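Have a look at these structures, which come just after this line.
Same chain, two partners: subunit A is paired with subunit B first, then with subunit C.
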Partner chain A sequence: MSASGTTNTTRRSSLFAWALALPMPVWQTLFFVAALLFLVVMSFWSVQNFRVTPDFTFDNWAKIYSAGYFRVTYVRTVLYALLAATLASLIAFPCAYGLAFKASPLMRRIVVASLIMPYFTSYLVRANSWKILLTDQGVINSVLGTVGLGPLPMTSNLFAVMIGYLTLILPIVILLQYFSLANVDRRLIEAAHNLRCGRVRTVFQVIIPSARTGLILAATFAFILSFGDFVSPSFLGNNKPPTLSVLMVDAVKSGSQWPRAAVVALTMVATLLLVAFLAMNFAYGEKRKRS
Partner chain B sequence: MAEPLLVLDGVVKRYDDHTAVHKIDLEIAAGEFIALMGPSGCGKTTTLRMIAGLEAPSEGEIRLRGRRMNDVAPWERDTPLVWQSLALFPFMSVLKNVEFGLKMRNIPAAERTKKAMPWLERVGIAKYRDRKVDQLSGGERQRVALARALVTEPEILLLDEPLSALDAHLVIRMQAELKQLQQQLGITFCYVTHSQSEAFAMADRVAIMAEGRLQQVGPPREVYRAPANRFVAEFVGANNLLSGKVKSIAQGIVMVETAAGIMRARENPLLALLPGDAVTVVVSADRAVVSDSTADGENSLAGTVIGEQFVGAFVTLHLDLGDGSTFRAQLQQHALEPLGQVRGKRLSLRWKPEHTVLLKDK
Partner chain C sequence: MKADRIISLAFKAYIWLALLFVFAPILTSFVFSFDANKFAAIPWGGFSTKWYAEAFGDPEVAKSLRNTVIVALSSSILATLIGFTAAYTDYRYDFFGKKVYLALAFIPPTIPVIILGVAMLVLLGRIGLSGQLHSVIIAHVVYSLPFAMALIRLRLSQMNKDLEAAAWNLGASQWRALKEIIIPFCLPAIFSALFLTMAVSFDEYAIAWFVSGFNETLPVRILILLQREVSPKVNAIGSLVFIVSMTLVMLAQIVFLMREPGSGKGKRI
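Coming up: the complex of A and B.
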């Protein structure tokens, strides 16, 4: 009696758990996996008279992959994202370090809150508001003008795009780095000092190797966000020079080339999967044997 | 004693809300094995951390070979520490861990390995040189920590409860190995522990601390036989403490009136006792003679056996004296056997006046 009662309860509660857990996999299947599969299918379709028509042609793949501008843009986008991830990691580290090792608990709370706060506002708004500062008629160039300098070109170029990327990724990189640095075993730091390892050397010999996984994940996150970003290259960079996301939007806007956009999108997804896989291996994998 | 290697001169450590170390004066000789011993929170680890430079003294001076060390950064000292947590670098191989101190001295890689390998062999972990430290057992890790600290050939090695994470049987073996290593190297070991057996097994001198103060410093035997105060007498294992009042003093013998009758104790001239003073008579557990004849006369008590502990050839009996206090008597197994089954039996205890230590109560 009691045994069957227990089984019933277990079955019922596990059903209940399944019911609660189900919406998420369904959502993911519909709007991510299915959409992705559709993208693959569509990349083999054709466009006739500005209308997307089901087909099976390798034309889109051939066109895109043979185009010089695509290859240049691909390399550029990868390099931009790499640069953004590197800059963000380097700029974030001293801040995350100070937060983890020097700041008082109150200070820490204030800074962490202020790093979350930017995400209260849309990134689109934040990136656009940089224009007020950066354009030729903007605040910075006006000030420079009064002392007879400038105007310095600060939009429609690499500088502007990087400013936009950093607006997007810097707070999250600082937070991720801070969390990994906060978990570094303080006793290892003392042990290093005890073995004649000075402060700066301890950062490179002990703290960075200890926080390795978190630091790599933060940089990976920065790369992924920058690589796919459309706002910064289009609003601050004015599509000059373009990145893959700009290319993709252009393909759709000028001539309804949805299939070609699908090829670009799939290339981007594949790139990000590869980068994420490599980064995970680098972060978690067996560290190479150092003799 | 020649000029001591390390001097703590009136060292005080205060934190915002409490004082961890009150004015410690201690001289440590070169080549000595000294144990800082005391219950947790007594300030022994803080003292060790001040020697290593990880904490700065609030007052007083620490001198190493006559040089004032108070403001010397930890990374500018040669005071390697073997940590309670071991604090081995998990992202390095065994060899890299041991080479770390050499690397920090900017010794070239080839020479580092040449210097580190003999130490790995010496502590018996050479075959694990390329393993990660988390692939080793507790005892093996202990040896890595030891090799890492010794590879730079320091004059003094600091050890903070290094054996506390090991199994009991391994502790005994490591104690013997540590003592042997210290004697072979001829360097100073400053060893912090809460364990009396560990301190007594290895140290040339023990420094007993309580509540941030040094209670007594001396060779283990002296501390054991002549505790300086009530705290030491209670902390150092198997002593029985009987409180009473001085009745009279004659010919080196003090008559003390206790709840259990008159006790005769050896006089300590340094105490300058007067009749009426409150004192404690300390009787070592191994000094009491146990028999089943009835207790009579002075320096004898009777008690009921409420417990027995066997440690090898020795037995510790716990006797209930009937007034709420217990008396511990230690005797050899063969001396106990003629008495038969002792649990619950009433036995008498007897000891000689010269085997007592008298302490003046404050």
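Coming up: the complex of A and C.
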């Protein structure tokens, strides 16, 4: 490591550089990288008399991968996350578009600041509030009841799970979409208008292609967050049907099946890496081709 | 043009609707935390603070609140400290493997928290560090450090590089320049990072659920309450958690936008 900008590279200055450079990688390697690596090791261990024992067996992988319920759950979790990412992207877009092109600077600042907040405020409590709002005797059904409708079944089903996912991802999708739309070159839009390109056509043929990378990034984030979420399928979906995260939590909490939980966790990590890789290729690859 | 105004109004209405969706659950929790009825429904059962009394009277809740405060304070200080050193390194040095260096910092928040939780449980359990408050602190530093690093790095990118070099030329050691030039300049971002990482830790339920053992934090207590019973107590605790974390995030935003102490309007550095 070299200290650019200094002429003297004495031992003291390199001590300075190391003292500042090292804490982060040391901490993250000891407690994060090591944890993930150890998860791989653990997936080959066995459970004997309810105790996790060092071993080298493919049993856990074989058992999990041959189980019908695991495969069904895997496909379900991927489809749920895809649906959530699609819904969030579609619902967020008019909002992000309005923020970038129609809102006043003041409104923009207020909305952006308020959308940052939910990312840091208890998702658990917010999911519980949706349960209060959505149950058969809940607020929304009471209101519907006064006009002679319902009660509509809005908990323990796909609708409830999607509401939960959207609670988690919608603010961040709106923000990411907004940032990419705000960076679209305004001259492109003016040029399109001057060339008599219609409003809607400008959105689809000028704005969306220019903001493409950010829009894909937002959808990818939505997929990752929903794919790994445990709260929505568990509390709003009532664990029926389960997702991978529910299976994994079960394996850890209601049995000492840590090695099997490790297999599920690693499968999830591998899936997310693959999705992130494909999405980034899709986001950047096409652009390169075009230019 | 009239059409333009209508379209623009429609977009604004849509934005407020989206905000309503985002804030409806938060409002719900506040409203029903003061509801005398046990089962939240319309009509409201009348104003009552009994759920707050019940929440505060619960020794388990009190204990978990104390744990959360300890964890949030310790992990935010550590995360900000480590985040600062990493942000400075990224700002000043160019070196082989820098991409890996940055990835090490920024990957943890993109991994689902329950996977982090299981991984940390497995590792910390093996080396005998699991089930204690310090286990939660260690894990929360991993998860929240990138937020601190990003904020401080953003601030450093607004700094004039010549300032530090000038201090060296005038004979200041690197440590002294760091202490007297860099740290004062980054102070707003450092406080902002402290508040934000505190909010992250104060709110984190999944990793803490796995690694805390019997030393539950408040979010873990909420999770357990939710699994066990229907109680508006959760709304009362949740409303307090909302207030605390929203205050922290707002403070983080306000402090970050503040000017460095001592510099007037005209002389921005």
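The rule is simple: the second predicted complex is superposed on the first by the 264 of 291 C-alpha atoms of A that agree within 3 Å, B and C clash if a C-alpha of one lies under 4 Å from a C-alpha of the other, contacts with A are read in each partner's own complex, and residues count from 1 in each chain.
One rule holds for everything that comes next: a contact is a pair of C-beta atoms (placed from the backbone, for glycine too) under 8 Å apart; a residue touches a chain by one contact, two chains touch by 3 or more.
This one's a predicted model, so the numbers in the text were calculated from it and none came from an experiment.
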item: Partner chain in contact with A:116 - subunit B first, subunit C second, else both or neither; value: second
item: Which of subunit B and subunit C A:196 touches, first, second, both or neither; value: first
item: First, second, both or neither for A:188, with subunit B first and subunit C second; value: first
item: First (subunit B), second (subunit C), both or neither touched by A:284; value: neither
item: Touching partner for A:65 - first (subunit B), second (subunit C), both, neither; value: neither
item: Which partner reaches more residues of subunit A (counting touched residues only), subunit B or subunit C; value: C
item: Which of subunit B and subunit C A:210 touches, first, second, both or neither; value: first
item: Contacts of A:38 with subunit B and subunit C, given as first, second, both or neither; value: second
item: Contacts on subunit A seen with subunit B and repeated with subunit C across the two complexes; value: 199
item: Residues of subunit C touching subunit A in the complex; value: 7-8, 11-12, 14-15, 18-19, 21-26, 28-29, 32, 39-42, 81-83, 85-86, 88-89, 92-95, 101, 104-105, 107-108, 110-116, 118-124, 126, 138-139, 141-142, 145, 149, 161, 164-165, 168, 173-175, 178, 196, 199-200, 203, 205-206, 210, 219, 222-223, 226, 234-235, 237-238, 241-242, 245-246, 248-250, 253
item: In the complex with subunit B, residue positions of subunit A that touch it; value: 185, 187-188, 190-199, 201, 205-206, 209-210, 212, 287, 289-291
item: Of subunit A, residues touching subunit C in the complex; value: 1-6, 12-13, 16-17, 19-25, 27-29, 31-36, 38-39, 42, 91-92, 94-95, 97-99, 101-103, 107, 111, 113-118, 120-130, 132-133, 137-139, 142-143, 166-167, 170-171, 174, 199, 221, 224-225, 227-230, 235, 245, 248-249, 252, 258, 261-262, 265, 268-269, 272, 276
item: Touching residues on subunit B, where the partner in the complex is subunit A; value: 52, 54, 73-81, 83, 85, 87-93, 96, 100-101, 104-105, 130, 148-149, 152
